[in-house]
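One chain, chain A, appears in both complexes that follow, with chain B as partner in the first and chain C in the second.
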Partner chain A sequence: MNTYIFDSSTKKNILIAFGIGVLLLLIGIFSYNSGASTGHGDDKHAVHASAKDATHTTVTEGAEHGHGHEAPTVRTALIANSYNVFYYFFYIALGAIFILAAANVAWGGWQIQVQKITLAMTVPIVVFLALLFVMFFAFNHDIFHWTHESLYVKGSDTFDEVLNIKKDFLNMKTFWAFTIVIAISCVWIVIKFWNTLTKMDTNPSRKLFSSSRVVSAVSIVVISFLINTFATWLWSMSIQPHWYSTMFTWNTMAGACVAALSIMLLFMHYLKAKGYLPNVNENHEHDVAKLMFAISIFWCYTWFAQYMLIWYANIPEETEYFRLRRNLDNYGILFHGSWVMNFIIPFFVLMTRNAKRKKAITIFCAIVIILGQFGAFFLMNCPPLLPKGGFGLISIGLLLIFGSIFTYITLMMLAKVKDLSSTTHPYYKESYNLHI
Partner chain B sequence: MASHFESPLREPLINGNKTYKDITRDIVAPTTGKIQPKWAFWTAISAAFAGLFVFCIVWEVIFGIGTWGANKTVGWAWDITNFVWWIGIGHAGTLISAILLLFRQKWRTGVNRAAEAMTIFAVVCAGQFPIFHMGRVWDAFFIFPYPNTRGPLWVNFTSPLLWDVFAISTYFTVSLLFWYTGLVPDFATMRDQSKTPGRWKFYNFLSFGWIGTAKHWERWESLSLILAGLSTPLVLSVHTIVSFDFATSVVPGWHTTIMPPYFVAGAVFSGFAMVLTLMIVARHIMNLQDYITLAHIESMNKIMLLTGTIVGIAYLTELFVAWYSGSIYESYAFANRASGPYWWAYWSMMFCNLVSPQVFWFRKLRRNIAVTFFMSILINIGMWFERFVIIVISLHRDYLPSSWLYYSPTWVEIGIFVGTGGLFMTLFLMFCRFFPAIAIAEVKSILKVSGDQYRQKQLDEVSSMEVYKETTVTKGAWD
Partner chain C sequence: MSDTKKYLVGIFDDDDVLLHAVKDIRKSGYEITDAYTPFPVHGLEHALGLEPTRIHAAGFIFGATGFTVALSMITFINLFNYPTDFGGKPYWGLLAYVPITFEHTVLFSAIGMTVSFYYLCKLWPGKTPKIIDERTTDHLFALTFELDSTKDANYVNTVSELLKKEGAIEVYQKEV
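Presenting the complex of A and B:
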């Protein structure tokens, strides 16, 4: 039982989840204009309204948005939600790479038996990068306000002085240059990791062991300096292009890591329930739960520092971000709900040793964190596009659909792994003997 | 601790085929016998500098804050720079004792005691600056909120400066308790080794009459765990709140949201640099090379590489976002750092903190003691410049160009800063002489797992695995 078999019952369950997602999505689409979403009637320029609404720039609205954006609201909602889901799962896969790299570079012995799960979770990044590319190609004007040429015509009504300063960075050429470099580095890292760690299964050697550490160290540097930094700036922070925060990059990565760990924990319990990973016990679960606990706190730390410093200084250019999100009429519930789910619940539930070692409790927390981080990501990306609210069935439906795809790819890749528990790894015995 | 098996690929943390008895003897040895002339010489020099500190402080109290170079534009200068620098240095101790304990890093046992002592002494030094910066230091107790008859004169709970008072006093208290708790069984060991009744009484008193029963150890472990749990948020909170002193303001260059985490990373960075500066010297003088091995030094260098690079990312992020913000004041603050009259401070900071630690990518250099010692000094200089850059450069050119000026310290400020160095070293040297510089009980707890003589046994357990085919554990296998 050291090779995972992707059986038909699992496939069926994934398909059911996918089907429920489609169903929710369809209900969401058809019910969009009636009932659930009041205040969407005049949403012709909702696409870009936020930056204007919030900053009160002198630009008169509408002139620029009136034409070419006759999109119905549901179109905007679909674009915003799909983009957010792709970005979320891209980041979860990136978080998986980061966790894998950090564990390897720090000589982590405990995680050897479960590292193949993390490894398999990195592969979906390719698919979600491709989906993001589609969004960038097809809908860049819908997602990124700064892509409109008319903003940079001096003297025109739509001229935006602030964006004119930023145009050396916020322009399509820079955007694509960084996006392509990011994509290439992600794919390169995933291939390197996959090759190094799977070769260890058949041909274990000290040399491969050291190269796994080298790959880890290099990928941490590439992720920190390049991928995470520019992906958050260009793909997420620039959706609300006037706003800026230095903490934004680290906050995103912390959220991605804790969500990736939670998904990893769910996979671990799934595999154990199927009878795999015989020597993974509550000690390993305890360690994963500890990291979930710790990174939840770290996420909240970065979140709070960002919020508190902006609130305290009260500079309008900065507070616009939270004014759009904290308002109880649109995103207030999600805004407060997300930090309750991402911090309060994991913090109090996972605090004791016993809780971290109980399957039901950790699974509960993992699901809360995955949903909570989804909410947090939604709040980063969507409010500028849907300023009047818009978290609903479409968001949940898309989360389920692409979550199923993420799960399918991960399990498919896991089935290709020859040695699920990494029994040939030099630290295997440390992981086997783990006792805390 | 964790499992009794450790991969033979991991470098031993105790060399020289030590027994429990050897450990006791080796660590207690520097505290017994005649006072070495070398120790007396350096203690005398340090005490002289501590005297300079007292002299300069007295001078400042008598003649007032006007004896400093700080003024209306640069209201915070060397005082707060030095305060933040010292507080930062303390962080390594708490990180080692609390966070590395939670991560079950066995190498912490070799250096935790001295690093924790360093934390206490560094916080003592740090505390001097804000206290004497108050000017009328005899009114210092005004910072504590208690029912009083001063009417509307009351602490401002919305000010991060007040949060600092609470954060640092809590930090100091918990660090002191943690340090002392760790020392109790070791004091008992020293008592049992003592040859004179005076010495016996002294260490018996310090050890609270510890006799090492199972109940003692059980309580000791619970207390250590509770204190570790308290210290972990404290190590984050202290420097976070120190960063809030700046970041909650609307001063361009101070108000950046990334400041809290990178202040913490920077503090750990400078703290490890100071631990290395001291320990490299101490292990030579006190013959502790078998307990503070190259493996320890290498691990600490890795942490410095990590935290230095985190700090570097933060510098670059700040620089970029200052431009990206589109705010001319914000961009100017950063342009002025890089090319204004204090450009040398900015580039020293960049070089020492971001560029120079990159040498630790090379294993050879991580394990080179001379390089490590040099780097540890360089990093402490760099981290001092970081605070100087943030504080003085951001302030010296404010919104009103008529009040722009160039700040330089006076002899009093220099004297106080150098003097705190003397105070710190005096305390540290006293610690080395009278206290066990390495945690005896904790080192013993890892002997059977990480002692070099057990590696062969561990290799035998796994020698059937293909990956261990060509592994050897003879001396030098890990160099």
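Presenting the complex of A and C:
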């Protein structure tokens, strides 16, 4: 039982999750107009106008809100939510690469038996990058306010002085240059990791082992200085282009890593339940849960530091970000709820040693963290596009749809791995004897 | 030190041998008082059947004390003792207190745990430590069996033989 077989019952379950997602999405789309988010009287005119001239109305109110838009239609809600989901799963796969690289570069012996799960989780990055590219091509004016040419025409009504200063960095050429470099480096890292670690199964050698460490070291540098930094700046922070924060990048990566670890823990429990990974026991689960606990605290640290500094300085340019997110008439519940789900629950539930070793408790925390981080990512990307609130069935439905696609690709790649628990890896024995 | 105790000491020169000896001796039903090693031996506390340490509970209590002290102190100063208006912020601006409260929690629990650890190990200043065998601080391992009034010569003989059989390089009695 050292090669995973992607059986039909699992495929059926993934299909059911996909179907529920589609159903929720359809319900969300059809019930969208009756929702609270479009119940404002003065929005009707804007909706009407946008239907007539969908491409140009977006800029007319630009000066007022920084990211002024027409009242969100189903189209906007769909674009914002799908973009957020693609970005979320892209980041989870990136977090998986980071965990794999960090564990390998630090001689992490404990995770050798489960590292094939992390390896398989890195592969969906290709699909989600492609989906993000589709969004960038087709809907860049809907997502990114700064892409409108009229903002940079001096003397016109829509001229935006702040964005004009930022234009040296925030323009389409820079955007595409960095986007393409990010995509190429992501794919390169994934291919390198996959080739090195799967070749080690059939044909282990010292050279492969050292090259796996070289790939890890290089990918950590590339992720931290290139992929993560510019992906958050250009793909997420620039949705609200007047605002910036130096904590944002850290916060995104911490959230992605903790979500990736949670998903990895769920895969671990799934494979254990199917009878694979016979030598993975509660010691390995304890280590994963420890990392979940620790990175949850780190996530909250960056989240709070970003919030408190902006609250304390009270500069309008910066507080705009939280004005859109914190108030109860837009995203207040989600804002505080995601903090509770990402910090309070994991912190207090996973605090003791016994809790980290119990299957039910860690699974509960993992699910809470995955949903909580989804909420946190939603709050990063969507409020400028849906300023009156819009987290609902569409978001959950898309999460389920693309979550099942993510799961399907991961398990499909896992089935291609010959040696599921990496028995030929030089540190296998350390992982086998792990006792904490 | 007036209250000396008498111990039967078995000296080992290998940690694996020691670990096996501990398991076998406990299986035969003899109570080991303590083990002395020059470095942490993995799994030894498990083999000795020691209770899990309660120092975390002490750490939590110290941390909670630090949390309370910091929060009540800032509240007292900013609300009653010396209220100051900082840029129109509320006097009780809880968000700004979080870092200080956090740091006090960490400080109190760290210092409190260190002090209680020293207290539990009887390592306060001016204390002459009781050392069973000085070589256990360098390269040898020791197992001790306390010899109180209930332990007769028969006990000493059986345990000594058991220790030798398990690979002890030296067995002797010592009063410290």
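Note that in this section the second predicted complex is superposed on the first by the 399 of 436 C-alpha atoms of A that agree within 3 Å, B and C clash if a C-alpha of one lies under 4 Å from a C-alpha of the other, contacts with A are read in each partner's own complex, and residues count from 1 in each chain.
We adopt the following convention: a contact is a pair of C-beta atoms (placed from the backbone, for glycine too) under 8 Å apart; a residue touches a chain by one contact, two chains touch by 3 or more.
Computed from a prediction, not measured in an experiment: that's the story for all the values here.
Model built by superposing both complexes on chain A: chain B and chain C clash. Of the two partner chains, neither chain B nor chain C is touched by A:Gly337.
Set against each other, chain B and chain C differ in how many residues of chain A they touch, and the higher count belongs to B. Contact with both chain B and chain C is seen for A:Tyr312 once the two complexes are overlaid on the shared chain. Contacts of A:His435 after superposition on the shared chain: both chain B and chain C are touched. Of 40-48, 202-210 or 328-336, the segment of chain B whose C-alpha atoms clash with chain C in the superposed model is 202-210. Within chain A, the residues touched by chain B in the first complex and by chain C in the second are 308, 312, 435. On the side of chain B, the complex with chain A involves touching residues 2-7, 9-10, 102, 104, 236, 240, 244, 247-250, 255-261, 309-310, 313-314, 316-318, 321, 324-327, 461-462, 465-468, 470-471. Here chain C touches chain A in the complex through residues 42-43, 87-89, 95-96, 98-99, going by the rule given at the top.
On the side of chain A, the complex with chain B involves touching residues 107, 109, 161-163, 165-166, 169, 200, 204-206, 209, 221, 224-225, 229, 233, 242, 244-250, 290, 301-302, 305-306, 308-310, 312-313, 315, 317, 424-430, 433-436. Chain A contributes residues 304, 307-308, 311-312, 314, 435 to its touches with chain C in the complex.
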